[in-house]
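After this come two complexes, each holding chain A, first together with chain B and then together with chain C.
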Partner chain A sequence: MPSLSKDVKAQVEATRLPPILSLIEQSQLIKQGAEAKVYKSTLFPSPLCTPSSSSSPPPPALPVLLKHRFPKTYRHSTLDALLTRQRVTGESRALVRCLKAGVKVPGLRCVDVKQGVLGMEWIEGWSVREVLGGGQEGDELPDEDGEEEEEEPDDVQEMLKGLGVDHDSLLQAVGAEIAKMHLAEVIHGDLTTSNMMVRLLPTRASPNDPLFEVVLIDFGLSSVSFLPEDRAVDLYVLERAFASTHPVSLLPSGEEGVPHFEQVLLGYKRAVEEKGKKGECSRIEKRLEEVRMRGRKRSMVG
Partner chain B sequence: MVKRAARPCPLQAPTKPVLALGLEGSANKLGVGLILHSPPSADSPTASTSSSDPGSVSILSNIRHTYVTPPGEGFLPSDTARHHKRWAAEVVEKALASAGKTMEDVDVVCFTKGPGMGAPLQTVALVARTLALMYNKPLVGVNHCVGHIETGRLITASPSPIVLYVSGGNTQVIAYSQQRYRIFGETLDIAVGNCLDRFARIIGLSNDPSPGANIEKEAKKGRRLLPLPYATKGMDISLGGVLSAAEAYTRDPRFRPTNPPKGKGSSTSAEDPSTIKINGKTGTAMVSQEERRRRAAGEGPQASMQDVGLSTGPKKVAKVQLEAGGEAVDVPPPAEGEEDIITPADLCFSLQETVFAMLVEITERAMAHVGGREVLIVGGVGCNERLQQMMGIMAGERGGSVFSTDERFCIDNGIMIAHAGLLAYRMGYETPLEETSCTQRFRTDEVLVNWRA
Partner chain C sequence: MESFALPHHGVTVHLGLFSPISNASALRTRLVAASTLPADDEGEAERAKLDFAFVDAAMLTSRLHLLTAVQQALLAQADDALKTKTVHSEVLFQLEPGTNITESLKHFGLGPTTKSLALVHIAPLTSVDDSSSAEAILSRMKDLVQLEPSSLDLLGQLPDGGTNEKSLRKYYKLNTDIVLTSQPAGSPQARQALDQLCIGAVALKVAA
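Then we have the complex of A and B:
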């Protein structure tokens, strides 16, 4: 009976993993982020794209980052499926928009909305959080893998210092990159120091340029807007993240230096004034002031 | 597990037992508790207390009296203050009696300084001042939220968790850093308890024992998930829109209220049905001012005084840990061909699922950001078992665990104020009489937590 063979076929299909998930199975888990598991994998360029006749060696395999929004069993499956779909499409659209505008973000490699997988360019570097060396302090928790996490930032900081990357220029570069993103009408929605990477450049673009660039990652909560309100809220989220993890930089003398966020804002304003519309910068600044006031108003009642 | 060079805990073990009386009344619960911190003894190790606190803690009494309003109504500050005034003396007496102590034995009187409703706070502060002056005892003003966190840590013995504080007035994700409880995420508008309570009022659920508990009960009967706005912004959430959207469903032609809007609720009908007018549109019951005053003065239907338990050990504490393949929602989908209606149960279910998913998401975000493994849920909404279950699944997936307390310590109580106040007192802090005012606005991160390393 034809229907039976169809059923069997469907069953076989059902047991087979979707291709993107079997790729993930062979990949290396990098970390479990807030809402997704992040894997490192390699993609080989398709033989159809490379001329087979050429004697040159095949192009190298590309490292890619796979971000899998795995089903969250704590939430209702309908809600989960809806949110995953919205976020995968939203994130890929935001990335494309940023890429078009020249904002430093990871390039898009593949999208699977149904499985909730996004493939992106692999960024070699460190998160700004690692570079600044913040985190939850307090009772030192006995933590099996805490050791390596603790030690790395020191090495990173030493190495970056050797390359002439100081905190101030890094923070200003962060601000400038956010400004570029905002001018592309993208709102990140979750600006934290964990969501920014520092990548070293092989050469300086021009003698005055730094040897590193800041790459914004994780556009999972991004939206599209050009309103000063949304931009200000975006900045405010970052300010709060700074305030809770790394409030100020410590000067070598042990004194407290300029708050980190001030440096970010400095870089941001400079970039908006340079590339944005006239008066745009002051509008955002004014709105940020308002958002701060409003944030304070939630000074907890009850 | 190897304990790495931990910073020394600044809190020294007490040289003699110290007894604190805690007075809480920031909202509709009046709570009085007595707590004793004693020096560590050979036979009782410090296991029952938080690991950073040398010495042992025992809870001697924990008495609470709740002001319960009729269905469809919230509690007004003036009436709540009236209720607290009415019951303060009796609750304090009962707390002392059940602990077998007198005011002379008390070393310090602790009270809620804020945040909360102004009038009830003032009433309780007045009681605290009176007791302190009558018996010549020092006073300590306590931040309500810090009280919740410290009690949660005490009861669950979780040393340094990420704290989700969810109650009628507050919704915050908190982590400890550098002697402050820092707020990582919070609600941008209304608190989650407020959202649930107000929705309970809209659909006319009873406020006894609490609107949240009745929502939870109702939600278990819910069968379909209705789309509601899902608003997380970074680590913050917004709940106002969710409430409006849920309310809008009650005007949907498919909506079928289960309780006919007349003569509902056992607590109102018996007393004086003639005073209750029904505003048909929203189903809000209106109660005359005299009736409200009467109830606040303790004459109407009331939850009786509760002795809410003494145990310090985490034995009755729900420590939800994920077993492989934790159960998700166990509500069957609506059968085929079923009538397309929306019931209050469906709305409660959808509201809980959506709002709690948002809470768990921001907690997970904070965990990922600071690298914590343990979650502690405190505050009245923390009693909700569905929230505990969802959080347990999330934490389990991250290789962590969730700690929560039951209604004895989740819901506002005197012990939390006594415990947090005593910690500050042992660090040498006292509130001078001139500064024993209270404040409606008092952020968690304003408090110097100098008893932690």
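Then we have the complex of A and C:
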């Protein structure tokens, strides 16, 4: 006969949350989406050092982003578990595929397929959407603790401008990073200005070193393909996103400048010409034109 | 030695780096012998002394590389999905990209010629700042190697080319990765890229 204390212990064990969910309970929710909840957290605290006299200070705790694809009650549970598993593995694999190819994406930190949680490097920066001043998407949550922490879009723009980061070079860098991703045969599947971030680089060794980098995020809908058609659709999705939120930059005179997406495309083409195969760029451009035509026809038919 | 309190796992993880060790071969012999000792007091006492993960530190790129393997081992344990006998051997298994347990020991475990040794001890969490049990664990580590601990900052850049980048690239299949081939060999950028790829490979193992 099992002892009472063992029974109690078993019960406690059974009701204990899986570790990753218990960590999430302690984490700061930053976005509640339809598919996933996104948290800022830390996987490992700053350690206790023994002997404490050791010369180097303990390493700081590193922030991570946890993305929890929570169970959906409107789906059959078996199907839901399968879909969650696929999305989590798909997103993790895409991140690693990009890392290998030198595409700037957050490093992978933790995968729990069963609980549907993915942990990645925290990118300290702003979404391109914020930088361009397109306003909030609406579902980000205000910072819990900081009144001053959440900078106003205007402040971010002013600060970056002060540092010498202008919109055109930012947009071209966006295009170049997408090109690198496509050349790694990754299709993003959800290119919007919220799914790319700008991060300032640490102090430069030479004045020619870049000031910032663009980091692509949110690979939940990504796939692997090298087909010009898939690449063109990826670009077209972003073109539509620009058309609806931040189409053109304004010149100091108040006149309209070059459309934003044109700048993205410029950076994209330059990178594909440089690193891709011969003729690859013109094949994608041709496709993009066809995809645009289909898009227009569709919207005319209504 | 560094001790990481992980309340969500209910454990504290103690990491110690010892370099250069001079008794790798003898330690290994002890490890092998301990596994066949009878379950009497003496046998259990010897096994308790050796209750660590013995990792060849030449095969680690950073503390985060090792911690990621520890974390994935703990997640597997919580899921009742350990592929090996103990959470300590599971750490070695999580470092290995393949599914072969023997290979994981061969590639990442203490070998007869190991020069730098990382010891991992996972203990139930007592309190977040338990320096007395940390002292006790450090002295158990020191008993094994007869050495003072080194800073874990050395991982990935062990002195005298002590980090085995060649084997890391081979086992994690990184040799054709553009992010590595496009960086000058030995540069800080190349080291950082290698670290990111190794961490990513460990985290991805469950999803690979």
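Keep in mind that, in the parts below, the second predicted complex is superposed on the first by the 242 of 302 C-alpha atoms of A that agree within 3 Å, B and C clash if a C-alpha of one lies under 4 Å from a C-alpha of the other, contacts with A are read in each partner's own complex, and residues count from 1 in each chain.
Note that in this section a contact is a pair of C-beta atoms (placed from the backbone, for glycine too) under 8 Å apart; a residue touches a chain by one contact, two chains touch by 3 or more.
Here the structure is a predicted model, which is why all the values come from computation and not from measurement.
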item: Partner chain(s) touched by A:Pro60 [first = chain B, second = chain C, both, neither]; value: neither
item: Touched partner set for A:Leu95, first chain B, second chain C, both or neither; value: second
item: Which superposed partner A:Pro202 touches (first chain B, second chain C, both, neither); value: neither
item: Touching partner for A:Gly279 - first (chain B), second (chain C), both, neither; value: neither
item: Contacts of A:Val233 with chain B and chain C, given as first, second, both or neither; value: first
item: Chain C-touching residues of chain A, taken from the complex the two chains share; value: 18-20, 22-23, 26, 43-45, 47-52, 54-56, 58-59, 62, 88-89, 92-93, 95-96, 99-102, 107-114, 119, 184
item: For the chain C and chain A complex, residues of the former touching the latter; value: 1-10, 15, 63-64, 67-68, 71-72, 74-75, 78-79, 129-131, 134-135, 138, 151-153, 174, 177-179, 182, 193, 196-197, 199-201, 203-204, 206-208
item: Complex contacts: residues of chain A adjacent to chain B; value: 32-35, 72-79, 82-83, 135-144, 146, 149, 189-192, 194, 221, 233, 237, 240-241, 243-245, 298-302
item: Chain B - residues contacting chain A, complex; value: 1-7, 9, 26-27, 51-52, 115-117, 145, 159-160, 167-170, 172, 175-178, 182-184, 186-188, 191, 194, 225, 227, 230, 232-236, 326, 328-329, 353-354, 357, 360-361, 364-365, 367-373, 389-391, 393-394, 397-398, 440-444, 452-453
